[in-house]
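Before anything else, here is the set of structures, which you'll find just below.
Two complexes come next, and they have one chain in common, chain A, joined by chain B in the first and chain C in the second.
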Partner chain A sequence: MFKAIINAGTLHDAIKAMSAVVDEARFEIASEGFSARAVDPANAAMVSLDISKDAFVLFEGTDGEIGVDLGRFTEIIGMADKNDEIELALDPDTHKLDISMGGFSYTLSLLDPSTLRNAPMVPALDLPAGITVSGSVFKRMIKAAEMVSDHTSFGVHDGVFFMEATGDSDQVRLDLTSSDLIAITPADVRSLYSLDYLGDISKGVGGAGEIDIHLGRDLPVVIQFELSNGDCKVKYVLAPRIESD
Partner chain B sequence: MNISETKIEWSEKYRPTSLSEIVGNGKPVSDLCAWAKEWRNRAPDRKAAILYGKPGIGKTTAAHALAHDLGWEAIELNASDQRTATAIKKVAGMASETATIGGGIRLIILDEADNIYGNADRGGARELVRIIQHTTQPILLTANDLYGVSQGIKNLCVPIAFRSLQSRSIAQLLRKICQNEGIACDAEALLRLAENAHGDSRSAINDLQAVAQGKSKLHQDDVVVSSRDSRDTIFDVLKKIFKKKDIKDALNATYDIDETPDSLISWVDENLPAQYRGGDMVSGFDALSRADIFLGRVQRRQNYRMWRYAGAMMTSGVVVSKSREYAGARFMPPSQWRRLGQTRAARQMRDAISGKIGLRCQVSQRYARLNLLPFVKGLVSDRDYAVRLAAWAGLDVGEIAYLTGSKKGALKVKTIYQEAQTMFEAGIAEEIEIFGGFGQQGQQGLQNAAADLKPEKPKRAPVALAEELEKKQEKGTEKEPKEALKKAQTSLFDF
Partner chain C sequence: MAMNLCVTCKGKGLCGREHCPILERFEVVETIAPADSLFGASPPSVFVGRKGYPDIFAGPLVPPNVGGSEARHYDDPKELLGRDIGEIIGLRSQLVRSYTRMNVKDAASATKAKNARGVGDAGGEGMSDNPALLTSQELAMAELPVDTEVWFTRPLNATVAFDGMLMPMGPAGEIKKITLTENPKVPRKVDYLVSDTDSLAADAIRELYRHDVSQHHITRIFSIGLLGAERKLVPTRWSITAIDDMIGKMLLDNVRDYPEVCDITLFTAEKFGNHFEILLIPRCFSFELVEIWLPDSVWSDKLWIGSDREEYSGKKGYSSLAGGYYAARTSVAEYLHAIRRQATVAIVREILPDYWAPLGVWVIREAVRDALRSGGVTFGSVDSALREISSRIRTPYSKWNGEIQLLDKCRYQRTIGEFM
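Let's look at the complex of A and B:
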């Protein structure tokens, strides 16, 4: 059983964050809220989404799962005005999701959850360095790197965070000291990441104000942020790129 | 038994998860392990391996089992996924360059690598070569046919051959499944299923599931699986046409075979004179000619409904033509097909020449072939004419040989070609004018002709000629071709 009412903007941002990595996702419904975990087809990027029931105007749910085509879902909720309320209800007989907003009532066919890929467990990662940066700085940083290369390094050295991208002919570097950042946990680290994924992730960040980035030496990066006053949490894990010799 | 249980295919349910469970193929499996062990420390020289062999003998299973045994994570791109260059780059490319989230090794499995262009673009294979060259993770390809894999990919891979399974091994496999499913089985029945599969364990298991599911006992008589790939042959149909009297039976038999009326009529046509004699043969051919008229109408009007009448005429019509029984001469395949095959090269040559002549005379290829080529063939017995013709139409050595009826390597052909080349390069337009000056009818036509000639002669001759002719038309004066060449001018045929 699942029935919920939620602000359109919040839902839109949350689904957009998911679709940065995958096209289809399996959502788990529990009495505490709504969550999903997915990994991209190359097993290189992972996303997890947790929407607590406090983010909803109304939430009634018992344990269950639904498979959703994120592209279709985003299109439909994109029809709503940002401040509209969207009503979601699962029809247990037809196994379709009824979506009502702004006078429209849609019926979205769901995917069989068993046909969707299983997301692996989030491994316990020991990432010594961490920074907190504003969403707009993060997006500009990725945009700058994409202009010159298809991969970029993130690292922390002497208490300064740096982004460095080297392409075939051009390169770009950005240093952010503690005064430019909201917070920093220093440690000497550096890893290389694919900008194909980071570019998608920066689009998924949407209107998030603060972004936490955790880094290690040649380890995956964890990028997380909160939407809707902390009631909706998004977390990405991206594996590092290996430099082939 | 509940519904979800019946839905699982046994071939999936009993798919081995570990290499040690794989039946047969000991050698390839140990080769695979040896290759995989090289990955423990660093990437080996050959970063990909290709498992090849018939369907259903455990190639993909071995790939997944390997990942399972070594604790690698595996991602798979199979044939049903999109396999354009972009899709391969996005999934396999990313997977090959990035570490795993957990820090282990990721095995990239690309199923049916021989089918990589299937419905995607050719860039896919090139992209795959690039990925294998730069990968940091092991890649396994599988293929049914090693020859279907492009050379570039093969050179980068360790080839590992998987053999078809013996019936005995398959029967053993089936017995285990029966035990597990609680089905008492007949050894004979299992052996029959196993033999029927011709070494393909997957289809053997599928056949077993088809005949045994839901039963508690499997007897030999339950094995009613028809042999795979069986069908009525064309010879059965011919027998019904020429030896039997039932008109309906003869017609119906054609529905079970995989031949179009176009090819069936060739079969009947070939065998009719050997089977029937005298008046029967005449009326048989009469029926056949009527069938042919219908086939012609189908072709012209694209109305395939008339195949029906053609089919009836060429089968039942021939059946009723016989007034007595004939003893059997052996049925032969249509000799027309063999002849067409043998003459294909010559026909292509003829068409190519007709095309060149047609282009110069401003007529269609067909018209040139039917109306001009016979004369040209006669005229080339004059050697001077032959040289001028070759220069004018831009014929190559093979085409000159065809027209003069000599061998390609003959001295005569060579000298004609060389003289024609010289004449061509000298660009003396008047001397290569034949067919009443058709060649100069239009500048556009000339340019097209020159463009057409260009690929065959990488020399600058066509350009020189065309430019020469252009100049002549403009000014009516002659210039050295070299001078003309210096003025690099772009025109239609530069692209």
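Let's look at the complex of A and C:
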């Protein structure tokens, strides 16, 4: 059983964050809220989404799961105004999702959850360095790197965070000291990441205010942010690239 | 003329010339005596031209004085694969291309006429619709060669037509009258789907493929306007790629759900001066084709290298490598579907001067199919497999390594699983 009412903007941002990594996802419904975890087909990027029941205007759910085509879902909820309320209800007979907002009533066919890939566990990573940066700075940083290369380094050295991208002909570097950042946990680290994935993640970040980035030495990066005053959490894990010769 | 235009055009006419100067340099290998009528068994084969679209020329291909069992050899890709280029051109130049002018939409009215009249008596005289089209359609449905008699408006001229995507064909003659002198044997599934004017062409094609109707046969009946709800004649050149694309997509929908292959495996083949290296890597499905045309191969007097690819989510838009891309992908999809596995697949195709006359994209489809069937060699790393590939490709690795972009992802991108 699942019935919920939620702000359209929050739901839209949460689904957009998932779409950065996968086209289809399996959502778990529990009494405490709504969550999903998915990994891209190449097993390089992972996303997890947790929407606590407090993020909802109304939430009634018993344990269950639904498979959703994120592209179709985004199109439908994109019809709502940002401040509209969206009502979601799972029809137990047809196993379809009824979506009502702004006078529209949609029926979305769901995917069989068993046909969707199993998401692996979130790896336990020991990432010594961390920064908190504004969403707009994060997005500009990715955009700048994409202009010169298809991969970029993130690192912290002597208490300064840096992004460095080197392409065939051009390169770009950005240094952010503690005064440019919201917070920093220093440790000397550096890892290389694909901008294919970071570019998608940057789109998924949407209008998030603050982004937490956790880094290690040649380890995956964890990028996380919150929506709806902390009641909706999004976390990405992206595996690094090996430095090419 | 910019030679690299020729490699991508392959006789389409992008340079604006009426006739392709490269195709015209091939001379007739064997001539056919001028005659105003002929009798022979069509393999069966029909040709639908694209010039003047939507008013095009179309009709059956018939080798004069060739009987049933022998006729099959003229058009069966599996059979032709075992011969050399000279032999293939010799056989194909005997195929007389009979034609009449028709509009692509005539296929719809032909279907209505046939349904009104009942199948079986098409091709007779005194019909309101183009009788040559009805006869061509009846012939195209057959699985085995059909004895055919054609009378022409003018005696035939001895020429051979080449095209980058199509099999070569012999002289052409305009049909005055055409009859089938035996009843074509039509597989039941073909008969059923040709009579079904409600289902979409894409659904009919899937259904035929699942029932083991050969791709060659499906392409033939699709081209002559016998499938789908809104029927049209589809130029042979376009229909080959349309069917490759549809079959490829259908198989890949399944392939994406299969587990990954276990090993890095390399397959090799060389047919008619087309050298193939096919590398399968344990990763999600993606596909890449690199084409290297050596100096003095058919379409180029200097080295030309091109590549195209698709990621897991599939291809958007038409490939820059044209029909060959889809033909190679079809064979790869067939293989992965057969072994119930997915993989990242990179193909390097090097075209040598030995490929002195273009034979059509079937060469790519069949050569890749053949290579995958004959078994591969496993490697411990992508790098060691790449070293093996570059030892067999004549062009230095430094000239084409920038083109194999998907492989970079396999070599350098780590996975989440490695950190569990």
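For this structure, a couple of remarks:
In this section, the second predicted complex is superposed on the first by the 244 of 245 C-alpha atoms of A that agree within 3 Å, B and C clash if a C-alpha of one lies under 4 Å from a C-alpha of the other, contacts with A are read in each partner's own complex, and residues count from 1 in each chain.
Here, a residue touches a chain if its C-beta (ideal position, glycine included) is under 8 Å from a C-beta of that chain, and two chains touch if they have at least 3 such contacts.
On a predicted model such as this, the values are computed, not experimentally measured, just so you know.
Once the complexes are laid over each other on chain A, chain B and chain C cannot both fit and instead clash.
Of the two partner chains, neither chain B nor chain C is touched by A:S153.
In the superposed model, A:S194 makes contact with both chain B and chain C.
Of the two partner chains placed by the overlay, only chain C lies in contact with A:T115; chain B stays clear of it. Contact with both chain B and chain C is seen for A:M46 once the two complexes are overlaid on the shared chain.
In the superposition on chain A, no contact is made by A:S19 with either chain B or chain C.
With both structures placed on the common chain, the touch criterion links A:N7 to neither chain B nor chain C. Once the two structures sit on top of each other via chain A, chain B runs into chain C at 135-143, and not at any other stretch of 135-143, 189-197 or 351-359. In the superposition on the C-alpha atoms of chain A, the part of chain A touched by chain B in one complex and by chain C in the other spans residues 39, 41-44, 46, 120, 123, 194, 219-220, 237, 239-242, 244. Within the complex formed with chain C, the residues of chain A that make contact are 23, 39, 41-46, 115, 120-121, 123, 125, 194, 219-220, 237, 239-242, 244.
Listed in rising order, the residues of chain B touching chain A in the complex are 73, 75, 90-95, 97-103, 106, 134-136.
Chain A meets chain B in the complex at residues 39-44, 46, 120, 122-123, 194, 196-197, 218-220, 237-242, 244. Of all the residues in chain C, the ones that touch chain A in their complex are 256-257, 283-285, 312-313, 408-409, 411-420.
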